[in-house]
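Shared between the two complexes below is chain A, which pairs with chain B and chain C, respectively.
Coming up: the complex of A and B.
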């Protein structure tokens, strides 16, 4: 901690310099993150119901049904993504073959697709002019139903889960599986007794990531859920159409706390999070 | 025998997942280049729709590029010194600050946007300017920049390097410029590519903050999905893919390169 002359003629200690380095970050996050979030919280209690608004979310059927539906779709997405991405991830990390890199790119590229684009891709699959409707004899349109929403969420969850599972699979010792096999374990038992326990922290972490992302997904819901009440869409309509600012704020706070807590769990288990988007 | 059967099943699942992700993407590219999507590819290939997108939405494309560059500059100015500060002062306070600025990664963009709107919505000049959208983009991308640089700085022996330079009479600023920045370069590059890629694709915050005169590329996309014919919407998506896919691949390459250093 010595005081040294600087080329500009004044002196500056290490400590002041390091503090000066942190100042822009501190000011920016105070002005544009801390204060706005405090305002959001205060606003949630300023409606007619006061702070009981948080009880209203559970008491009023419209909000409770929304909450239940969002949790159910997100859970379905999580389990489907876990099943698909764990299988694909184990396959890609245990086998080396031509085209492996291409498959991996295809499976991870959608990471930076915005939710709206993913919604549109689902419309191309299951909309009125969609692929399925063209290929099948009947009138099959599912893009704007819960199934379409589920497929959209699955689309952005597969890459996220895959990356976390593959990182963990690289650390899993293939010799353990080999040993189980030579001792006569069936492929099913190898999966249940060796692979799944070894991957468990990664599975919980990536499951939490998938669930949190699906809960908060706005872009995909915005394109597909025109008639489906999921939390982000209800926040959006409460704010823009009903001008019910207090309820929009309260739902945002609840949603924010849930997704933040889930991702905290995910990070403590896997050390990294591939969140964001949807 | 069992082993190959399991492998076959795994391969089928992997290929199905690839098909699910890839087929609609290819369809959207084809639809953007087909004269009449309903009649199919036999109606001929055309660039008509791409030109129409350019006429209708060129502004939104330029706004997104401009915002991405501005966002990169701001996240560098704030993030690079901050990452250095956090690396030099590892403690619970630094952890807390890092955790706090990472909130926009975990909290949905919609909630962040609502918070910004309620505090600054009444400041009309600021609310209606591109700077308001920029704030949202910086909030969302800053943690990526800080963490990317911090990971690289944490992996090198910064303290010894700096003490050596200090004993030769280098000021804190000289050490920052001549030791910290060159050493952090792989992290800066990975962070920069991540910031630009995410800023160009950001929708959740931007949709709430945008005005009718300030539409970014993803906002324009949502607009075209709702009101344009399928071919135009697809052509616009194609333009977006052409912009974002090379960036995304560069970002993955740079992140892998930076990660090798931190190991």
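Coming up: the complex of A and C.
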């Protein structure tokens, strides 16, 4: 693109105009993202252990196990949310029936609640005074375990994934499925060869959001994680209770890097399967 | 394989009667075109034959000696070319063409050799590794055809296979498609709303209107002996000569015309190419418009009937606007269709 002078003789060209538009974003990124991040990183090396604090995280089971648990719960949440929302989303976008709108608004209700409320709902369901515990003779309390956390995160993720998948499902070309069927494809093959590839961009985008949200979820964890720990909780306790600012910073950095790296891997893996598909 | 469709109708859930009880048969190896204006039910009939749409109760579809009415699309073994082509965007050209064979679970090397053969037939060898979005419209159309034909279907169904292309390309690909379809030696039905396309490609044309097949025959039969004003108008743009029939004479504003036979109770139709500007002609009118088309002129003449009568003029020196001309029409070029046969 050539840069052409404005007809009014101003010196502002296309390029400088674009740059001018980007300036607020640039300042914002610098002020609220880059600078605090640099500060956070420097802070993490300022403790007694110095930069060895990162080795510490890997060596001390309390931190490492928590990190692994956080990643596992987040992954489980992501895949469960994708599975549930994709099937439900496909069904809801393909079928028109009475009560569809109501069902949809119930399914997307969690969007209106913060994590704390979701945690509270899980306690009402699976806590010591919870519904399940009252209805069953045995003492079934799952709210404060990994299961409670998983359910809370799942409840939180489903609407986000569902809405994205439904938007993508409505855009799928029905002729593609029909073409596959005329060539003898079973319903299973249609899903594998047509629907999943067609939904892939939406699945990656919403899966990434679900995963990142679960990795960083605090409100739900704060209400539920009494017996177990997840990284955001540990960061909070290190920061407020132990005043170990170096460790809190180091854990924040690790949480960020792990989340970012896993998202990157997911994206490149799915990218290559799409390209190699068929 | 022969196809027989009997008493087949389709009412959509919203009550639209898209297809009224219809009969259609297609002989083995025959290429039949479903021709008709938009919304007349062509796609609906094609989709019913494919098994993509369930017809109303009482409908029957026979593939040879098999009644396939309740057989799902997956097991009908038809090849289908969609209007949008519906090529799988996540697969290469080769994978697209091999898809049907893969679904039949043929051995890998057999799939490979069959795909290569079909790609060659459709002149697609050089594109075999390409992604779909790296193909031109014409190439996509051939991939869609290759994909439909590769599994050796019992019948090939094409829904407006050329309509996604621009006009110039459409004409070139029309003849190519006609040639390929004959090379495949396959029973084929293709839908179009373009009469030239239907005539150029099909052995037989079934003209549809408002959910009915109104006439079916070879292009020549339809052109020469239309059974209704609709067919006469749709195939070859026949004009009605608005005059009074008295025995075997037609009285027009601009003169009298001899009919080939007693025309009582009939309307008279004629095509522009049969309206001749001829100094000896019995009709007299005034030139309203002259349009040059390269090979010929279209001359609009008023004063012969209420509407403008159109004539094609192939000579060098066409009449000028405003001139008075004599016009003749040979009796055998007049088509007599019973009154009240409007559809």
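As a convention for this text, the second predicted complex is superposed on the first by the 214 of 278 C-alpha atoms of A that agree within 3 Å, B and C clash if a C-alpha of one lies under 4 Å from a C-alpha of the other, contacts with A are read in each partner's own complex, and residues count from 1 in each chain.
The working rule: a residue touches a chain if its C-beta (ideal position, glycine included) is under 8 Å from a C-beta of that chain, and two chains touch if they have at least 3 such contacts.
Since the model is a prediction, treat every value here as computed from it, not as a measurement.
Could you look at A:175 and tell me whether it touches chain B, chain C, both or neither (first, second, both, neither)?
It touches chain C, and chain B stays clear.
Which partner, chain B or chain C, is in contact with more residues of chain A?
It is B that touches the greater number of chain A residues.
Mind working out whether A:29 is in touch with chain B, chain C, both or neither, as first, second, both or neither?
So A:29 only meets chain B here.
Have a look at where A:243 lands relative to chain B and chain C in the superposition and call it first, second, both or neither.
A:243 contacts neither chain B nor chain C.
Using the touch definition from the top, say if A:184 reaches chain B (first), chain C (second), both or neither.
second
Check whether A:194 is in contact with chain B, with chain C, with both or with neither, and answer first, second, both or neither.
Touch partner of A:194: chain C, not chain B.
Which partner does A:259 contact after superposing on A: first (chain B), second (chain C), both, neither?
In the superposition, A:259 touches chain B alone.
Between chain B (first) and chain C (second), which, if any, makes contact with A:135: first, second, both or neither?
A:135: touches no partner chain.
Just to be sure I follow: which residues of chain A are touched by chain B in one complex and then by chain C in the other one?
Shared contact residues on chain A: 181, 186, 277-278.
For chain A, which residues are in contact with chain B within the complex?
Chain A residues touching chain B: 2, 4-8, 12-14, 17-22, 24-26, 28-29, 32-37, 39-40, 43, 84-85, 87-88, 90-92, 95, 103, 105-117, 119-125, 129, 131, 154-155, 158-159, 181, 186-187, 212, 215-219, 222-223, 232, 235-236, 239, 245, 248-249, 252-253, 255-256, 259-260, 263-264, 273, 275-278.
Help me check something: in the complex, which residues belonging to chain B touch chain A?
Answer in residue numbers: 2-3, 5-7, 9-11, 13-18, 20-25, 27-28, 31, 37-38, 77-79, 81-82, 84-86, 88-89, 97, 100-101, 103-112, 114-116, 118-120, 135, 138-140, 142, 146, 166, 169, 171-174, 176, 197-198, 201-204, 207, 218, 221-222, 225, 230, 233-234, 237, 240, 244-245, 247-249, 251-252.
Quick check on the complex: what are the chain C residues that touch chain A?
On the chain C side, the touching residues are 50-52, 72-80, 82-84, 86-92, 95-96, 99-100, 103-104, 147-148, 151.
How about chain A: which of its residues touch chain C in the complex?
173, 175-176, 178-186, 189, 193-194, 197-198, 200, 274, 277-278
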